[in-house]
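There are structures below to look over.
Next come two complexes built around chain A: one with chain B, the other with chain C.
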Partner chain A sequence: MPLVSVPKLTFAQKLKRFFMIDLLKGLGVTLKFNVGALTDKDAVAGKGIYTEQYPKVRPDVAPRFHGAPRLNMDPETHETLCIACNLCALACPEDCIDVIPMDVEVVVAGKPRRKKVLDEFIFDTSRCMFCALCQEACPTYCLELTQDFELATYSRAGFVWNREMLEQGRETVKYEA
Partner chain B sequence: MHQVEIATTQQTVLDSPVMTLNMGPQHPSTHGVLRVILKLDGETVIDLDCDIGYLHRGMEKIAENRTYTMIAPYWDRLDYIAAVSNGLVWVETVEQMMGLDVPRRAHYIRTILTELNRIASHLLWLGTHALDIGAVTILLWAFREREEILKIFERQFGARLTCHAWRVGGMPNDSYDDFEQDVRRFIGNIAGRLDEYETVLSENRIWLSRTVGVGVISGADAIAIGLSGPALRGSGVAWDIRKARPYAAYADVDFDVPLGDNGDTYDRYLVRMEEMRQSRRIIQQAIDNLPDGPVNAKVPKLIKPPIGDYYHSIEGPKGEIGCYLVSDGTQQPWRMRVRPPCFMNLQALKKLCIGHLVADVVAIIGTLDIVLGEIDR
Partner chain C sequence: MALLAPLNLIDSLLLKFFSEQTVNYVIWPFIQIGAVVTITALWVAYATYLERKISAFIQARLGPMRVGPWGLLQPIADGLKLLVKEDFIPENADRWVFFVAPYIAVVAAFIVMAVVPFGPDWAVITDVNIGVLFVLAVSSVGVLALILAGWSSNSKYALLGALRSSAQMVSYEVSMGLAIIGALMFARTLSLSGIVASQQSDSIWFFVYQPIGFIIFLISGIAENNRAPFDLAEAESELVAGFHTEYSGFRWSLFFMAEYAAMVVVTAVATTLYLGGWYFPFVYRFTEAKGFHNAYVVVSLIVFLAKAGLLLYLYFWLRWTLPRFRYDQLMDLGWKWLLPASLINIVVTAIAVVVLQGLNESGIHTIDSIAGGLNLTPSGKVIAILFGFGNLLLSAVILSLINWRSRDFNLKKQRRQIRLVDLPKGRAAVKPVSEEPELSKV
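Here is the complex of A and B:
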């Protein structure tokens, strides 16, 4: 069994220990913070405060944040931007996206044609790891990970978002500050 | 009359000098789901055994069924404290296998952000290690500084912890608008803050008596076990992959590799504190010389490395993290093997702990700086 070897103290170190220099130095630093917290007039305005009063004060989330998914719509026509190309589903490492297309009859230049459009879009947020590979794969900037970060639900089924939820978004309760 | 024989020589648990104690897996000081089976003589550890695997997710097997682009976010989940460093190993391995020429700007931004990640990882280590030993104040201070780094990560990558930071051939986005300003403000603050930590800890008699002479390992033993990173350098072995095999922009920056003398917990603490200062130096130089230009190389649509195998490793915050990759020329790797620093470092636990008290086991687990997500994979 190896013995625990502790090096011997020099005289100067012993003297420092006797007068508790080591402890007083550390206490000096902590005291500085205590006095600073009491005298800082800007403390209420958030200067030097690293905690947030969530949910009354909501955090300022970065624009690039990978949060809840959303299917964007054309701002003028309010039609979905999704062209049902299935690239997001192919890019997803966790295989949590299902794009279900349907064929519709359209008239292009006077001739009837079949066109593939989006019927249903299933996004399983319980398996999503928010890597944003689907967002990068989307050619029409339709699928986007937004700044919304509150994703908790009461049931497992609630994690599976359909097209309506992805387009409208979820209602979040906002508390007054 | 018949005499009744009373068994007085029967051995019970109480008679045995050796007691077996299970520490974990739900123990706050084992830094995750690690179970340590301790054999104790009184309070002294005479033998121990580690039980790992509670967090096994089969990462290496999952990787065999994913394309090269899809594997990157899984690397963040190995060592989740240092997701940016882990991601760098993966993309650099694939890039070097394919012979991609990554732009200089991408290399510099990678260097800055991996060094910020090293500081964040060491700050978390410092906070939890100090908390295990009994200094609660340091935890709050360390998390305050770490928060600033995580804010930079959130603005740059869109996530705070599992960032999915890099893509093969470069970066998903260029740096955000206030990136330089944010990084400069952080490295301006951190020097004074590190001095504050050292004032509170380095000479404190409780800290000294809990760390000096605890968990001593010689340089030769450390090499034999396969330690890497600060745990190896604490024993005085000058081995740093940033110096030995420079990757990213480390060949262009000037920094020192701090070394310990005695190889005890206190020396490993000093090495990590000095490493944070050196990281600050590296970030300062990289942000001053940040070149302009694109951040992405020309990458083919389908990433298919040539047939063969390749090993690449970088100096992560915990030690050498490497990736051994075997490609069969398809879109998915044939085999991906992670060289985990924490797994190797954990092997030293038995050697370090024997002869110490139970309370010192907590300090030694802390000083090895292990993350179970990477050990179990």
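Here is the complex of A and C:
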């Protein structure tokens, strides 16, 4: 019958076991963390507290993090920067962007002309994989993926963002720090 | 102490309505009992907070932070929640026993507070001259509560937890009771206040005379309280919650209170026996000797609470460091290590006392007086300390000799050894199993 062979302990190992050196080492480790948590709140040298007080304190996301999309506006005129060129929709690998343009009558140099402007912009965040290819394709720096990460909604329909949501951003509850 | 002036006012006010005897032996004890019970109940609530905070810090977390500043109101929210929860009684449970068990647990844990000397003079409810016996006797009633709770729940987890805890508590009670005896040989009294007084008059903590007794007492105390790493009675990963699996709401919280109160009891007794109780060097000289009696009591009280607090931190610290023992390891530790060690301790301490007396009679001055505890001269103290720490080495040697041939529980190995008995050499211990034994018969 095969037996599990346990290697015989050397004398040093026996002494170590008898005086419970490993136990004391473990106690040392936990004490180090306890003292570290009380003295050092900034998680320096791996002994402080790592917990983030999330809704109260906004966590820092990575600088290259891609989150909620946004349609930027001209800061002076507050008109959209989008020229309805449809390049973002073409660049999107997931096909989650719909740009709906419309024609408006404008007078250019005394002559009536038709101009293509943005009517509606549909962005399906449930299909988006946040690759930011649309952001790179945009010639006017209008479409941008921000660092906002709170995208959860109560229904599937809530994932589909229209132009108003993209321009204003979603309403989130802000907590006091 | 201006703060304590109202005490004398109340005293004179009470004396107008009642006789002096009634005030001294009925009313003041009731006030003390009220204070102790209130403070202990509050402590139990905040011990949960402390436990959660310390466990969080050890694991680099923050712990409760939402209710109140730094989560300080969390225990109150928890208490309210437990009060309004449904009081669930399982089907086919022994209702009467099920109701009574938590109360037995709480009463057994709280009643020990009556004899614990929190400080000198008015900081102790009553000084029983068999204090240590009282503590041991009453705190072991707590085992009964666990057994009743496990039995009456009509649940396999609860019953298994109760069985384990009763076996565990009974076996650790032995070494706990024996470990105390060494300290009692120096104190020469069973009164807890008397033990502190003897340490004060000797101006030493018995910890230095009895290092091994202190260690044994602490380990057995932790095992008595069913705290990690000895929490086999409620082993979450095996028994759901052990003996209180079927309890909910306030009855469950009573068990919880009992556990934390029992922790306070064990730390208080350990402090009294080994860490000098409320005695701290120089406190007497700077307060009582200068006429500040109440200041002396308050400072001593703080000293006592600080010492007990340190030991309580040890409880939390151990819980969040060590994994749980296996059941056979637990019994090994209790019967093969702690019990022999406590017996060796008794023998060595007895020898030490006899040697000290013999030296005293043969001319070397070792014993000052023997009236209030064994008061030793400096040379006698050195001899006693040498015996105490020599005992550590001696116990190490004897324990390793006792356990030299003892092995861990190994069922496979045992089975093999049973088969090997009475077999002539040269034959295989196990018959090779033929391919199709049933078919060959046909």
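In the analysis below, the second predicted complex is superposed on the first by the 150 of 177 C-alpha atoms of A that agree within 3 Å, B and C clash if a C-alpha of one lies under 4 Å from a C-alpha of the other, contacts with A are read in each partner's own complex, and residues count from 1 in each chain.
Quick note on the criterion: a contact is a pair of C-beta atoms (placed from the backbone, for glycine too) under 8 Å apart; a residue touches a chain by one contact, two chains touch by 3 or more.
Computed from a predicted structure; not experimentally measured.
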If you stack the two complexes on chain A, which partner ends up touching A:A62: first (chain B), second (chain C), both, or neither? first
According to the stated criteria, A:K16 is in contact with first (chain B), second (chain C), both, or neither; which is it? first
Could you tell me if A:F130 is touching chain B, chain C, both of them or neither one (first, second, both, neither)? first
Mind working out whether A:L151 is in touch with chain B, chain C, both or neither, as first, second, both or neither? neither
Of the two partners chain B and chain C, which one touches more residues belonging to chain A? B
Figure out whether A:Q53 sits in contact with chain B (first) or chain C (second), or with both, or with neither. second
What is the contact status of A:G26 with respect to chain B (first) and chain C (second): first, second, both, or neither? both
Which partner chains sit in contact with A:C85 here, chain B, chain C, both or neither? Use first/second/both/neither. neither
Figure out whether A:I122 sits in contact with chain B (first) or chain C (second), or with both, or with neither. neither
Under the contact definition given at the top, report the residues of chain A touching chain B in one complex and chain C in the other. 1, 3-4, 23, 26, 29-30, 50
Write out the stretch or stretches of chain A touching chain C in their complex. 1, 3-4, 14, 18-19, 23, 26-27, 29-31, 33-34, 36-38, 43, 47-51, 53
In the complex, the residues of chain A that touch chain B are 1-7, 16-17, 21-23, 25-26, 28-30, 50, 61-66, 91-93, 129-133, 136, 145
Taking the complex as given, what residues does chain B use to touch chain A? 44, 46, 66, 69-74, 77, 137, 144, 147, 151, 154-159, 162, 164, 172-173, 176, 196, 199-201, 203-205, 209, 212-214, 216, 262, 354-356
Residue set of chain C touching chain A in the complex reads 54, 56-62, 65, 317-318, 320-322, 396, 400, 412-413, 416, 429-430
